[in-house]
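First the structure, which I've put down as structure tokens, then a few questions once you've had a look.
Think of it as A, B and C in the order they're written, each chain with its own count starting at 1.
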Amino acid sequence: MIRIDGLRFSYGEGDFRLWIPELAVEAGTTTAFIGPSGSGKTTLLNLIAGIIRPETGRVETRNVEVSGMSDEERRRFRITTVGLVFQEFELLEYLTVLDNILLPYRIHSALTLDSAVRERAGSLAERVGISDKLGRHPRRLSQGERQRVAVCRAVLTDPPLLLTDEPTGNLDPVNRERVLDILFDYVKESGTTLVSVTHDHEILPRFGRVVDFREFHSFGEAGVASGNRAEDRANGGAS
Amino acid sequence: MLSRTKFTGVALVCAIAACGGPAPDSDVEAGADTSTPDAAAALLVYTTNYPLAYFAGRIGGDRVQVEFPTPPGIDPAYWTPSAGEVEAYQQADVVLLNGAGYEGWVAKTSLAESKLVNTSAGFQDLYIVAEEAVLHTHGPEGEHEHENVAFTTWLDPQLAIEHARAIRDVFAERLPGAEPDLQSAFAVLERDLGEIDARLEAWAEAAAGQPLLASHPVYQYLARRYDLNLRSVHFEPDEVPVTGGWRDLAALMQGHAADWMLWEAAPLEEVRDRLASDYGVGSVVFDPCGNRPDSGDYLATMRANVEALEGLPAS
Amino acid sequence: MRDTLYLAWRYLAFHRVKTGILVAAITLIVFLPVGLRVIVDQSSRQLTARAEATPLAIGAKGSPTELTLNTLYFSSDVPARTTYAAASEVTATRLASAIPMYVRFRVRGQPIVGTTLEYFGFRGLRIAEGRQIAVLGDAVLGSRAAERLGVGTGGHVISSPESVFDIAGVYPLRMPVVGVLEFSDSADDDAVFVDVKTAWVIEGLGHGHQDLSQPEASSGVLRREGNVVVGNASVMQYNEITPDNIDSFHFHGDLSDFPLTAVIAVPPDQRSSALLQGRYQSAELRQVVSPSEVMDELLDTILTVEKFVIAGAVTVGLATLATAFLVFALSLRLRRRERETLFKIGGSRSAVATVMTSEIVGVLAVGVLLALLLTFLTQRYGDVIIRTLIR
């Protein structure tokens, strides 16, 4: 599903450098990215989704070389292929729950909002337990409910790849489990590839693979991370 | 959702289109009311007494339609028209007035100034102020008088001709191109009235200042024209005079031994008889003809008046 | 496009108050100068039309503006009086026809216009119900006067006393309403029309009473001196002219000396007009004014004031517009995160731009639309608005 070769990325100012010589994620798997803050986990997520582009190297997602595409092409790619879930939910406060779920279908011509889509949205909402709140605005939802709405929005397009950035970071333990259950049940059912950035080591056992970013990141200019060590870790990771 | 966009677009277009709004206020018609009829339609002429109606008809002929609405038997000088009758006058193209205060009602009605023609305006300096003017005053305002001008001006045939002349001039103004016809018609009328004048003059000369009585002070212009020795009482043809009236007559006849009394219309038999028996005064009718006569026309009536006078035996 | 507009609409609807205030501000900014222009334009056209339709007005020497306003609009500022002789003078010149005007008295708020029949033809006024004035005392009402006074054909109106303390002065006259005019969209609609002679009766210059020379009136006689009869104060002065007493109505004095507020002169052509005006150049007692010239001067003043007002409105408008754009800019800043989210989940450039700028575009569009609507309404009903305001 995802192949990364010789990736280098920096933000221009500051010390941050990301150097990934090689990384592959198989389709249908669940992978967790862990590592200290600032190690580039979110950055890599953004590179995979095509939100940003590397300085050098290739990012190939679902056989599409995302790193080589134009901005418009990447947007199109994203909205049709990738589902995104954010730590801060990022719902539009002025839209109802239903309209938030349907949002992707309204912001790109590649997607057409029809009755089939609405039906799917309805059943997703029911599945996550918010179908009685479709008319509400986000400010009247609890944290857990908001994240569930965000998940519905992310999977409404039936994307092959689901990228989540600290999806349970703002949730209490009960809601954390609930949202994770929803996510994992969904990916198991649909064969969607799941990549999650997380700080929470308690949830790692759910994932098929864990990638530790301490392998990729080098602090300061001295020293280059050993690509071999990272690959060993990857190969030797729990299934 | 689609409808919302479309609605907004349509509304915007409508608003812009509608701003080419309706034209501003309509024009105000302006124009003084000086109507001249078309050459084909007759001039609608209203008069305030019969003599003027007669003159107008004689002079204007087919070119005019003359109306004189005062009902027969009523003295037009004391007639008050109803609102409907006033409205009829308002329709006229020309309203011929006698002048000299004859038609008192005109001052209390609304008629277009431009249509009113005072046919005696040309000889205002010849008006006669009646002797029996009643003055009255109101306390705080001081003295006012109602000037009583005698208004039976046409009884002087020369003044009648002047009335007719004024009518001819008005018609000539309002009927352009008709002057020759109007003039010739006027000339014929002038001759007829002149004939009356001549006969009366002859009779007056023959009568040579004999004292005469008038039942009512309406013959001032006649008296002045022919230098008649005429005095008036206040008798009405259809009434029996009150005792005071007979007394006034007796007083009047002191130093004025008249044999004949002129009446506007035939007096009551008993009055005529009493006059004759008690006062030795005969009655002769000289109809001023202010209103339409029962039979005949103005000229016929005047001729009859003259004949009546001519028929009086010399004193 | 439809979908992004839906999102835009949702944003505006969610922020109702902010949107409402911004729309109102835009509407006012656009409409105020435009609306003002429309109203001033309409009212000046109306005023000019009536003034142009009135060739010349002759009155006593004094303020031309007062004379014009009283003659054209029956204002309650009554100019110095001239006399009926002025009308006869005009007629005598044969240069114009004369329409006497005596506009002094009122029936409650409505002006009583004493004039002659020619006035109605001159102004193109037509009878809607009833008939025209015929007999002394008759009154014909303009359509709005009839409404305001709540009276129609067959009813009566009573002239109002000029002052509460006026005992021996102008006395109220009860007049029968014989007709109502068609709506003419002018000052004539508010008037109570009577014959100028009726106006003189209201003034007290004409009256009717018992004939003091008759025996029945002896109680009203103070003394007799020869054939002069002096009446005492108990002589009843009628305050209504009826068919029964009209015969006794009369005027004391010479009608030429009776008062008028103006004489409208209608010359048939420019030459006659010029000649007529020339005659009054050195007149001592009278002045002749051209109402259209007077109105033009008046309007110049109004237009100058209007310019200042518009300049003020535009200045305030620009300031408000700047503030509105500040609000928009701040809004955009606040929505940065929203924009990022839309970008991140893959929204197209155009869709994101549309959603973001929806606020400005929407507010401006609705504001301008409302301003256009208000302008249209002002154009349509402007004259009604003006008249209501002037009341």
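Please note the rule applied: contacts are C-beta pairs under 8 Å (C-beta built on N, C-alpha and C of every residue); 3 or more make two chains touch, one makes a residue touch a chain.
Note that the structure is predicted; figures quoted are calculated from it, not measured.
Chemist: Which chain has its C-alpha centroid farthest away from the centroid of subunit B?
Modeler: A
Chemist: Averaging the CA atoms per chain, pick out the one whose centre lands closest to the mean of every protein CA shown.
Modeler: C
Chemist: Which whole number of Å gives the spacing of the CA centres of subunit A and subunit C?
Modeler: Each chain reduced to its C-alpha mean, subunit A and subunit C end up 75 Å apart.
Chemist: Mind checking the centre-to-centre distance between subunit A and subunit B? Centres are C-alpha means, answer in whole Å.
Modeler: It comes to 115 Å between the two C-alpha centres.
Chemist: Give, as an integer number of Å, the spacing between the C-alpha centres of subunit C and subunit B.
Modeler: Comparing mean C-alpha positions, subunit C is 43 Å from subunit B.
Chemist: Which subunit B residues reach two or more other chains?
Modeler: Residues of subunit B never touch two or more of the other chains.
Chemist: Quick check on subunit C: which residues sit in contact with 2+ other chains?
Modeler: 3, 6
Chemist: Multi-chain contacts only, two chains or more: what residues does subunit A have there?
Modeler: In subunit A, no residue touches at least two other chains, as defined above.
Chemist: Residue numbers of subunit A touching subunit C in their complex, please.
Modeler: 46, 49, 51, 71-72, 75-80, 82, 84, 86, 90, 92-95, 99, 103-110, 113, 137, 153-154
Chemist: Can you check the complex and tell me which residues of subunit C touch subunit B?
Modeler: Subunit C reaches subunit B through residues 1-3, 5-6, 9, 42, 45-46, 49-50, 53-54, 91, 97-99, 116-118, 120-124, 131-136, 138, 168, 178, 184-186, 195, 197, 212-213, 222, 227-233, 235, 243, 246-247, 249-253, 266, 365, 369, 372-373, 375-376, 379-380, 383.
Chemist: Considering the complex alone, what residue numbers of subunit B touch subunit C?
Modeler: Answer in residue numbers: 1-2, 4-5, 8, 11-12, 15-16, 18-19, 21-22, 24-34, 80, 82-83, 86-87, 90, 107-114, 132-141, 143-144, 146.
Chemist: Under the touch definition given earlier, write down the residues of subunit C that touch subunit A in their complex.
Modeler: Interface residues on subunit C, with respect to subunit A: 3-4, 6-7, 10-11, 13-15, 337-338, 341-349, 351-352, 355.
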